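One chain, chain A, appears in both complexes that follow, with chain B as partner in the first and chain C in the second.
Entry: the complex of A and B
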């Protein structure tokens, strides 16, 4: 194996901060912000529609744009194209060797990007969760007490947008990037530099979104509906710019993973031997590559409406709010399955390992995922049943929406068949995977109420919807995420996570998740609208109960962080190479995973779920292969 | 690099299917009557209008239909993880079952039938039996009551952050409170002056987005006297949660006397109002908070 460690003279520690890394990027990003804001100010001179307002949207947007360019330049994203332009030799692979410094800069190793995603997205996820805690504090009382109405609205919008932005790559970011090449027997992703870019767009997106606090907040929730978003203060610019960056990151992630899975599978890894998690990633990538560009387009038009005096969405000058609603949900509904499908992949990947049986109905599971992918582009107008859209179309969207529960049901059948006569062990990942099915059952079936138009007229825009999508996203995706964390982190970090703390985390999270969100179905049925900071006094007991449960749910996350710090920093018990006795190809490589993953490209002999099959060959041949004699 | 030694355990014999079906049947037999008879009469939104009644029926039927499905899945999961739990330290493999084509086909057919039946029944309610189920149908509704000309037309105008109502049959009077006559067909025309709101009259079973420049029509037929809550169901800015009013459904006689007193009280203000229209196009404005 090649080593890239170059011999260098020993330098003082501070010299390590100089060069292309996150700290240079932050400095250049801040400098770019001021430069851009100044240029934007010069553009605004003489434009009445900008001068007439108290906040110059062009200046703020130019600030973000130049800040982003400074950030990417500081990380070294322009070194390669510039070297090529100047005719100098350029490195295709960036900083793949070396110590902890790799994690703070542009690195093209998919394993480093996976770890970067895990911590980067995790930090913003916890900020979003903190917003939820602050919101539940406000909702202890039926009138505004803890926060003024405007601050509550901003907290709510920040929570929603941050969570959607970060959880979109919650599984594909850390685990897709880290494990897809390992599971398909590849040494890298198809586009390693783009892979690094998809991650390094996430921190500026998160920081820009948070900067909305300084510019008057976000009044629109995560949907950013048009006339309200157009009239909102400059915090909306932060929302638009940050969400566009995430849209770009998702598109690129989708294209990268799609290409990797289609073209870089090891010999012998036929479509029917592909791990089911990779099928989940493949379907999600299709959705990302096709849906996220629509989000960018929709937001770009909203940006133009705000900063360039166009009127795509302004009725009074010939535009239409419906244009935004349709474009947004054309992205927004596939987005819901961008969140759900990786979760399906994770739990179906984990169930066979801890039930010690082959995945029951493998082809049905693949059909289910592809069916969801296909149908998810045809259901978006169910978000607009009462909006005044063409009312003759409603039966069609009711049908397609209800049809999508058929492929989703396949996933449940796979799980049930896999558990049947299994040898089930309750490890922490298995507990999270089983809880996924409980939560998703409630989340999915409550969706049937929302897909039926007569019933949706009652529940649309109420807390029922809020409870429904928290059951599918938090109860589904986040539980699947933690299943993956407890399952795969030993391979990623090389240390064992504490099991006792893991079980405490699981039980607190599972019980108090349900105690938090189940009562909210009732709140919706009792006419409590979403996104309000004031509500009927008769619902105070219910809301207080929910808030109290939410605080315990929030503290369960602290137990996870404590576990992470304790296990990674203090205990550091080295993990076995294959602690779960899994047949997955990703478990057959050493821990820590070598830079090149495999000494030679493995040859896959059988599927990854051949548990209990007598005479099943090992999943793959990893070492040197004996060349068969001619004629054999 | 090698997988730890594993062995195939013997298959177990208890009659698992029979046990699960019995548990499922008992639980479902308890749950369904409870849902229909005890929970059903409390499900939203009530029976103040025909459309609200159709929504309550939909909510009741779906809860009753989904209960046995939830029970079946939960019973299977809980039974399996209890009956097939492995406590020993040694890792033992289960029987290599890969699938069962008749069972998979039956599952696909069963879920498809339920889903298509639900969609057909929902469409029937929506189009035929309840004239749009109280939802906003846009400017050209497809599910229209047969004697539409007899409807009482009420224009609902949303603006940040209040609702007002205009009655074209009563000299376009605009009121800030809503009363409706009982046993009458009502036609709401919902529009907005600024951003998108959603007119939600909970007990009436009405929800229709108020979109600037759009005339969003919803039909109901009042059946019962009483109060109803009016809220905004689409985020519209700072005081979204405060767009709350209480309206009343009263006898036709009481409605006539209320509307004529409103006409008297509002007569001096009428000349300041724009002429009645299906929509209003206000000047664009920005930075309203």
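Entry: the complex of A and C
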């Protein structure tokens, strides 16, 4: 059987604009939206329930559905399934050659998908960050000033939802897709079209979420809690649909990465030689494949409550909003580790390279990650300690939540052991990796207060919680993300990022991140509630300080963007093939990485962290290998 | 040492292996998709909010058990036949897979027919919501699985795929469909017998 599509001749750049690509997808998506909204309007005409309300949720949801179908159709995602239904041969690759046009269409090259993710998710992450700046502007004064309370709430919800949606794809999208096949010695992902689909679901999700502004906003925060979620204006339809798309993308990413790692490792790449980042991806993929479908189902129930008048979450007609809270957090807490585990993987991947020592306690690190994966499904009710849950259940969830600090602690042990007596090089990636541990430690220690019922009762719903999760997600994941950017971007783009600008970015970000979020623990202890645009006048000085710090923190991102543009567009200093002298398999291939990754499937000889180990063989044999004759 | 290590092509067993593993992970994801409905059933039934879990005071939904049994038989029989087909040698699996395909589509058609004459709807309190949500999404998932099976059958009939790929594909569909048959069995027990 032929598993490879025929190579297409290289076409001129303008030719790439015609056919199945992002521009066609935008046109068909917009057309689909109007068609769907019209059909939804026709459905509503005959429905007493929908006529009785002043908003047509069916029309809006049908608009999103048809818009999505148009978008995917415009990109060419239906061509292959239709050809399969007609019995045509299966292929695994599509549009992998075609110059820059590949980045604007369905391309099955995992390296193209990784770069698509990097820029696509980056744009929405930037928008989410701008929302935060607008929120801090409002909080410069204790009274309502820049934004009315409802608009502030929508702004906050957009910020939270956008950030959670995008940070879920933040590491596995660009770096998981780009580097996992390279690190395991594979030429592609297991299901390349599904890989492409996972990215192309992200832009419509982001745009649909932003469209909530036009439909009355989102009053619920990122959690979408019922009954507010079922009763809110049509902006909630945008929230539900967008989050479902991200849930689908996460599920498919999990399935794809898990299958890739389980089946496509190069000969010799045993489980004990697997790079620790790949272990992080593996653990995350398990969570994504199992937890994200629960989110999709929970949101579908909310969608049906809104559009079909079911009563999953309506107490008056036999439902319960607590059902949503339970289902949401069954996904939501593993989601926290979907964000954290790839971060663990990245920093542990980077530390040995810049400490020039083997990773200390490799098996302990793996056990820690798998332990977190397992326990994360057993802690979700700690989010409901003060929501009227059965008090007899509290001790169990308190215990499981505190237990999870043990495998998390393993990761810190690995880091300390690796750094001990190391020859540390303070490069930009290393600085971000070290900052990860500083921030995550504060995030983790403050989490103990929230896992403990008596202290959670006093801090729940306050800025203490907000400071805690920003320390874990921004202080952890986002710092790990930037560590990965500075570490791997030379391999991805073939050019070196400016070191001086990188260090300015790091120090501004690190200092002002802490100046922004550490005072918010105090604000929480002083009873400043989350999600409210007004606060006690006595807290104004504290809030002004936080806002000023947040603005500098936001500006540090501009320095990163300036560095990116300067280095990629103007300076374009070519990167060496292995600028960090890393033993990782991904650094043993040429830059730019060839289409097939490896000329021949490599044979892995040793682990990737044997720095300073005398007599350690090269990580892999990449050239031709003499195969012993049969019987020899 | 692996002889394929020095070749330019993927090892021939790679694609069947990825299909086999991928189908297991996919089936696990599918099963977790239906877990919220299982949870909703027990949770809402236990809470019985406002005393209307089972329906409004003078309107208790009672779906036709005959339809339920017929749908269950079609799904379970289809899954069993397809699992057996996946173990058959040569091209003998094709008639069995076609029969499974027919039974699967019949289950979807029966579910649609049941909706058309249900006597209650999604607005009929907790039970009605869980019933329509669970069975409706199951029918959609079942239809998707039948399309997957159809694509494998079509490839086999056109001779456009090699044997190892086809065998792996049939086995993968059959596994996924078997997991869905377990979901449908649970749905029948809960929605028709326990509720």
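Keep in mind that, in the parts below, the second predicted complex is superposed on the first by the 602 of 632 C-alpha atoms of A that agree within 3 Å, B and C clash if a C-alpha of one lies under 4 Å from a C-alpha of the other, contacts with A are read in each partner's own complex, and residues count from 1 in each chain.
Note that in this section a residue touches a chain if its C-beta (ideal position, glycine included) is under 8 Å from a C-beta of that chain, and two chains touch if they have at least 3 such contacts.
Please read these numbers as outputs of a predicted model, since none were measured by experiment.
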First (chain B), second (chain C), both or neither touched by A:456: first
First (chain B), second (chain C), both or neither touched by A:614: first
Residue contacts on chain A - larger count, chain B or chain C: B
Partner chain(s) touched by A:423 [first = chain B, second = chain C, both, neither]: first
Which superposed partner A:315 touches (first chain B, second chain C, both, neither): both
Touching partner for A:507 - first (chain B), second (chain C), both, neither: neither
Partner chain in contact with A:599 - chain B first, chain C second, else both or neither: second
Partner chain(s) touched by A:228 [first = chain B, second = chain C, both, neither]: first
Which of chain B and chain C A:271 touches, first, second, both or neither: neither
Chain B versus chain C as contact partner of A:301, first or second or both or neither: second
Doubly contacted chain A residues - partners chain C and chain B: 311, 315-317, 320, 322
Complex contacts: residues of chain B adjacent to chain A: 1-4, 6, 8-9, 11-12, 43-45, 51, 54-55, 57-59, 62, 66, 69-70, 73-74, 76-77, 80-81, 84-86, 91-100, 103-104, 107-108, 111-112, 115-116, 118-119, 122-123, 125-127, 130, 132-143, 190, 194-196, 198, 200, 202, 205-209, 211-214, 216, 218, 229, 231-242, 281-289
Interface residues, chain A side, partner chain C - complex: 1, 3, 49, 81, 84-90, 92, 187, 190-191, 251, 254-256, 258-260, 262-264, 266-267, 289-294, 296-298, 300-301, 304-305, 308-312, 315-320, 322-323, 326-327, 330, 599-603, 624-628
Chain A-touching residues of chain C, taken from the complex the two chains share: 1-8, 10-11, 14-15, 17-18, 21-22, 25-26, 28-30, 32-37, 39-40, 43-44, 47-50, 52-55, 122-123, 125-130, 132-133, 137, 147, 150-151, 154-158, 160-162, 165
List of chain A residues in touch with chain B within their complex: 53-55, 149-150, 153, 219-221, 223, 225-228, 230-233, 311, 314-317, 320-322, 355-358, 360-364, 385-392, 394-395, 398-399, 402-403, 405-406, 409-410, 412-413, 415-417, 419-426, 434, 437-438, 441-442, 445, 448-449, 452-458, 460-462, 525-527, 529-535, 577-578, 581, 583, 588, 610-614, 618, 622
